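In what follows, structures are represented as structure tokens.
Across the two complexes that follow, chain A remains constant while its partner is chain B and subsequently chain C.
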Partner chain A sequence: MKRLRALEPLAWVGPAVVLIAVVVLWPVIEMIRSSFLKISRFGVVQGGNGLANYEKLFGEKDFADIMVRSVIWVVAVVALTVLISLALAQLFNQQFPLRKVARWALIAPWAASVLMTAIIFKWMLDPEVGVINQIRLKLGLIDAMGGAAADQLGDASTAMPWLVFVAVFVSVPFTTYALLAGLATIPADVYEAARMDGAGRFRTYWSITLPLLRPALTVAALINVMNVFNSFPIIWAMTHGQPGYSTATSTILMFILKGSDIGESAAMSVVNFGMVIVLTVIFLRVSRWNKEVA
Partner chain B sequence: MAVKTLPTQARPHHHARPRGAAPRRMPQLKTVIIAAAAYVIAFVFLFPYIVMLLTSLRAQDSLRDVTFWPEEWVWSNLTNFWTSGLAGNLWVTIKVAAGSTILVLLVALPAAYYSARHNFRGRTAFLILVLITQMFQPTAMLVGIYREFYQFGLVDSTWSLILVNGGFNLAFAVWILNAYFASIPRELEEAAFIDGNGRFGALFRITLPLAMPGVITALIFTFIAAWNEFVVALTLTTTPENQPLTVALNSFIGQYQVDWQNLFAGSVIATIPVIILFALIERKVVGGLTAGSIK
Partner chain C sequence: MNMKLVGGAALGLASVLVLSSCGSGGSGGGTQASGDGTVTLKMVAADYGDGPGKPNSGETFWKGVVDEFQAANPNIKVDVQVINWNDIDKQVATMVQNGQVPDILQTGDYSGFVKDGLLYKVDEVLSPNVSGDMLQKFAEFGKVDGTAYGIPFVSSARALFYNKDLFQKAGIAEPPKTWDELKAAAEKLKAAGVTQPFGLPLGQEEAQAESFLWMLGNGGGYKDASGKWAINSPQNVETFQYVKGLVDAGLTTPNPGTKDRKTVWEDFGAGKVGMVNGGPMSIPIFDAAGLKGKYGVAPIPGKSGPLDTTLGVMDWIMAFNKNGHAAEIKKFFDFFYTGSAAQKISDTYKLLPVTNGGIQKLSSDENLKPFLDALPNASFYPFQDPKWATVNPAIKQTIGGAVKEDPAKVLGELQKVAESAS
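And then the complex of A and B:
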């Protein structure tokens, strides 16, 4: 009877542990294991491969560029997202008529599939008929529809900013909402006190709002770092990492490699995994999360 | 959201000091500027979806015309979708989304309830496991997922998509449900138990109905996440009929002779319902996501 009692938690919590173990933990182990194996294109394991998968990966001529681009991608998207969201949270925190409706509109890119949003942007950027190019034509930024100037996704120098734009576009809603929730936790009398001390609006924001917003800001930014580093659909749908590998990030490279060499692709995943952990630690250090919150 | 109450809370203080009230009252012009800016931004965020809707209503032969508004409104595009090949892919999406939602419900509810009510050995370890899972993304371990399901012989199966989507959304569901159950006083349940309801009777008559908002939030969140999922499905499905709508729509791009208006009808059908569903639970999702990663 006593032994049965001890098994009780297993009946309630066991299925959840099993599901997490099978779906989340096992793939991590399998991924690390695969990175040291020689695996044929069709999935047959042909024996151990030592560090050869890693050597091959580091030897890819685009590897260094792709890793640098991945870091810039994460930093640029997250920084822009946070800055824009700080401004938007401030704006949508004001009183104005139909505020609820305006806030609802902000939800759309968050709720919609990122892939769908990326497909629509690709359509809007279509060189011959895209809406964005119609607008650019009206503004005199291009002379005619079609042609190289209208083909923004055809060249890395113009494609990258658009990819960043779309990534920021889909990240801002969640971040803004998280910051709005953070703003709601700041008590009104803090502002009252600041006003009585004669603090100006900018000063109040800098010395009161921002520090009090830090927990919400840190968590939102951290979630964004994870999402953006692993973001795949935007680049995949809009450029496939092309031309060449000039718009590819590590996630895209991993996916492309999966089609030719699964072992090397697994090595890329492991490197990617390590990068996420390193970025997270750096980020937490920079934002002094441990001292301020925990 | 409590934001709304902020200014009203502040107001009594102003009345106590009549001189201070004047500069704080919002001038009419300022409100107009703020509202205008907010509406413009709201429009910008809706714009791609407006374009999507308008494009889906254009006649097929006018899709390559340089125009914004449809020259004629072809509402039948949206109904023709149901007889196109993509309807089968929508059906896969529905199966995956519903299947993983049911799986999460069956697995997360007991785990969240038990870990909120009982202190058992391994409880902390379990909650940490849930927290770490919430940080993990399927994209990061795609190769591992593929290798695993290849070994199971479950590649190209709807079951594998249900399992993966269920597994990766479990953490959020457990977390938010755990918080809901913990906030319901144990005494309520015990009272019902003493009234002769039995342990499960008390759980189903008292606790579960009180936790309903949390349950619904967890369910809608899982449903939307599975509905929108792309990368895992792209990796694990190989035959076109077994692909969910996201993967099927993505493979439309890059083909030349395609029924583009089916693509856009498909994206409208794939997008609008989840935006509406999401609007219903948005508040609780922010709380769940941020709280989950702080504590």
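And then the complex of A and C:
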């Protein structure tokens, strides 16, 4: 009986361990294994393929551009999201009439399906009938509907900013709420002490709010880094990575490759997986997450 | 304390059971013969309709077919899973990879399953009188090394649709027959205020079709007469230079390389497009948009005259041999082709039949006549070449660049993909 007793923790931890093994570890192992197999477009496994999938992937004409674009995409979206959310969190931390309504409204883009949001933006940007283009027409920014000027998603130079905009739009609510929760943990007496010592508003924010907000900020930004890097629906719904591959990130390339060569697609997934880990490590280094606030 | 221990263990065990049942829930491919001798055939089919919930959805269509079949064959159950065209290839590939193949698959290609011996031969699952009625040219495409594996399911062909009202407004007497006439007509439409004189979908959805139609107009194609890849042949480069001229002059859909055919067809239906290449399956879209009776159908213009061939597309149905069941599959296939089902699918989705009998039945339909006439002389994608599976996605993604950048360079890159693909 005593021995059985010693096993009791296993009964509690076991399910979680099994869950992680089945849902997280096993797919990762399968993914890595697939990346070394030769698999036809029809799903037929034709045996081992050594490193050929990786060689083919790295040999793709657009591979380097896509990887650089993926990093720029992550940095741009996360940086803008965090900056906007910092400001919004401050705003929503103040008392003002209808604050509750405003806070609820902020949840909307978060609660809506990302795919739905992306499709709605695509419709709003439609060159023939999109409402954004009708507004631009009324403002005199474009001469007519239907032409190339009204087709912002048709060219990478104008499509990319819109993709970033939509990604920021759907990321801001979560980030703001995470930061809002962080702000709520900062005790009021710290601010009081700062005021007593004659610190100005900017100084207070820089020396007290930001450092004390760092744990929340780090977690929020980190989750965004991973989410945005793996983000698929926004780009897929709005541009398919086109024209060519000029708006594709590595996640989009992975999906496109799945239609022609599953092994190469798995290799792309493994590279993606590695990229997320590298980005996370760099991020944690830069933000010195485990250093205590002085 | 005993209670606690037992409770914990029970909870743990329960969780494990839930997890393992999740694991087996995903297996859709297996089939079982139950005790009373009933055989369940698992079928995967593509959706020709407007998706789940719509009156013409694939689910509704197949339910009708299956109910009728099961009433006549009480010992056979058919379990149909309908998947949309965007996902079906990837989902089927996953099923095959996991060894959970269906008994019957209806989709756009069969050739990749043949080499590994996954399919029944056609004569094992189809009666001779049915296979004898198939259009011979189509049946030929179902053969690999002389043995038939793919059964033609439905087909379609392409022609030029033009908006009669817009043509009248622009003062164009008749649809263009040559590229020069096409350009002149497009310029008149543009002058009359039409935003997209020629609808040009070279985006991901079906760039390979639109491109092929243009290539045919100049005696080109994806392969040359000897069967070698010729994507960057001089004819094709010249073709895309001409199309690029149209795009640069603002006579087409803007940024064609990002536009799907669905969008452009909807724009045509909305009266924003003067002319567009379409097929029987675009008729319901145009009619639903309110253009019924206001469009004409004409042969597709070529460089110096209308095309004497057009793009033919064939979809396939095939039987996997993993679970046995050849006899039951044969009953289902014979039922499908000899009963009302094959004609019902043509009627519902404006798809063209693949049997001589079916074509005769439809020949009185005014709207379908140009397409039926074009079928016997249609040209097809080189889908029997295993490299097509790699070349096709590359074309879909990048060929739009040939009307934006240097055509020779973009087509040259695609030719390289075709030559290097394994």
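Operating definition for what follows: the second predicted complex is superposed on the first by the 272 of 294 C-alpha atoms of A that agree within 3 Å, B and C clash if a C-alpha of one lies under 4 Å from a C-alpha of the other, contacts with A are read in each partner's own complex, and residues count from 1 in each chain.
Criterion: a contact is a pair of C-beta atoms (placed from the backbone, for glycine too) under 8 Å apart; a residue touches a chain by one contact, two chains touch by 3 or more.
Being a predicted model, the structure only gives us computed values, none of them experimental.
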{"item": "First, second, both or neither for A:262, with chain B first and chain C second", "value": "both"}
{"item": "First (chain B), second (chain C), both or neither touched by A:131", "value": "first"}
{"item": "Contacts of A:20 with chain B and chain C, given as first, second, both or neither", "value": "first"}
{"item": "Partner chain(s) touched by A:222 [first = chain B, second = chain C, both, neither]", "value": "first"}
{"item": "Which superposed partner A:147 touches (first chain B, second chain C, both, neither)", "value": "second"}
{"item": "Touching partner for A:123 - first (chain B), second (chain C), both, neither", "value": "first"}
{"item": "First (chain B), second (chain C), both or neither touched by A:12", "value": "both"}
{"item": "Partner with the higher number of touched chain A residues, chain C or chain B", "value": "B"}
{"item": "Chain B versus chain C as contact partner of A:43, first or second or both or neither", "value": "both"}
{"item": "Touching both chain C and chain B, counted on chain A across the two superposed complexes", "value": "8, 11-12, 15, 19, 22, 43, 128-129, 145, 258, 262"}
{"item": "Partner chain B, residues of chain A touching it in the complex", "value": "8-9, 11-13, 15-17, 19-20, 22-24, 26-32, 34, 43, 88, 91-99, 101-117, 119-124, 128-129, 131, 134, 145, 169, 172-174, 177-178, 180-181, 183-185, 188-189, 191-192, 195, 215-216, 219-220, 222-223, 226-227, 230-233, 236-237, 251, 254-255, 258, 262, 265-266, 269, 272-273, 276, 293"}
{"item": "Interface residues, chain C side, partner chain A - complex", "value": "1, 4-5, 8-9, 11-12, 15-16, 19, 23, 89-90, 92-97, 112-113, 115-116, 118, 195-196, 203-204, 250, 254-255, 257-259, 267, 270, 272, 389-390, 392-394, 397-398, 400-401, 404, 413"}
{"item": "Sites on chain A touched by chain C in the complex", "value": "4-5, 8, 10-12, 14-15, 18-19, 22, 39-46, 61, 127-129, 144-148, 150-151, 153-155, 239-245, 256, 258-262"}
{"item": "Residue numbers on chain B that touch chain A, as the complex places them", "value": "1-3, 6-7, 9-10, 13, 20, 26, 31, 34-35, 37-39, 41-43, 45-46, 48-49, 51-52, 55, 63-68, 103, 106-108, 110-111, 113-115, 118, 120-123, 126, 129-130, 133, 135-137, 139-148, 150, 163-164, 166-168, 170-171, 174, 224, 227-228, 230-231, 235, 246, 249-250, 253, 263-264, 267, 270-271, 274-275, 277-279, 282, 286-287, 289-290, 293-294"}
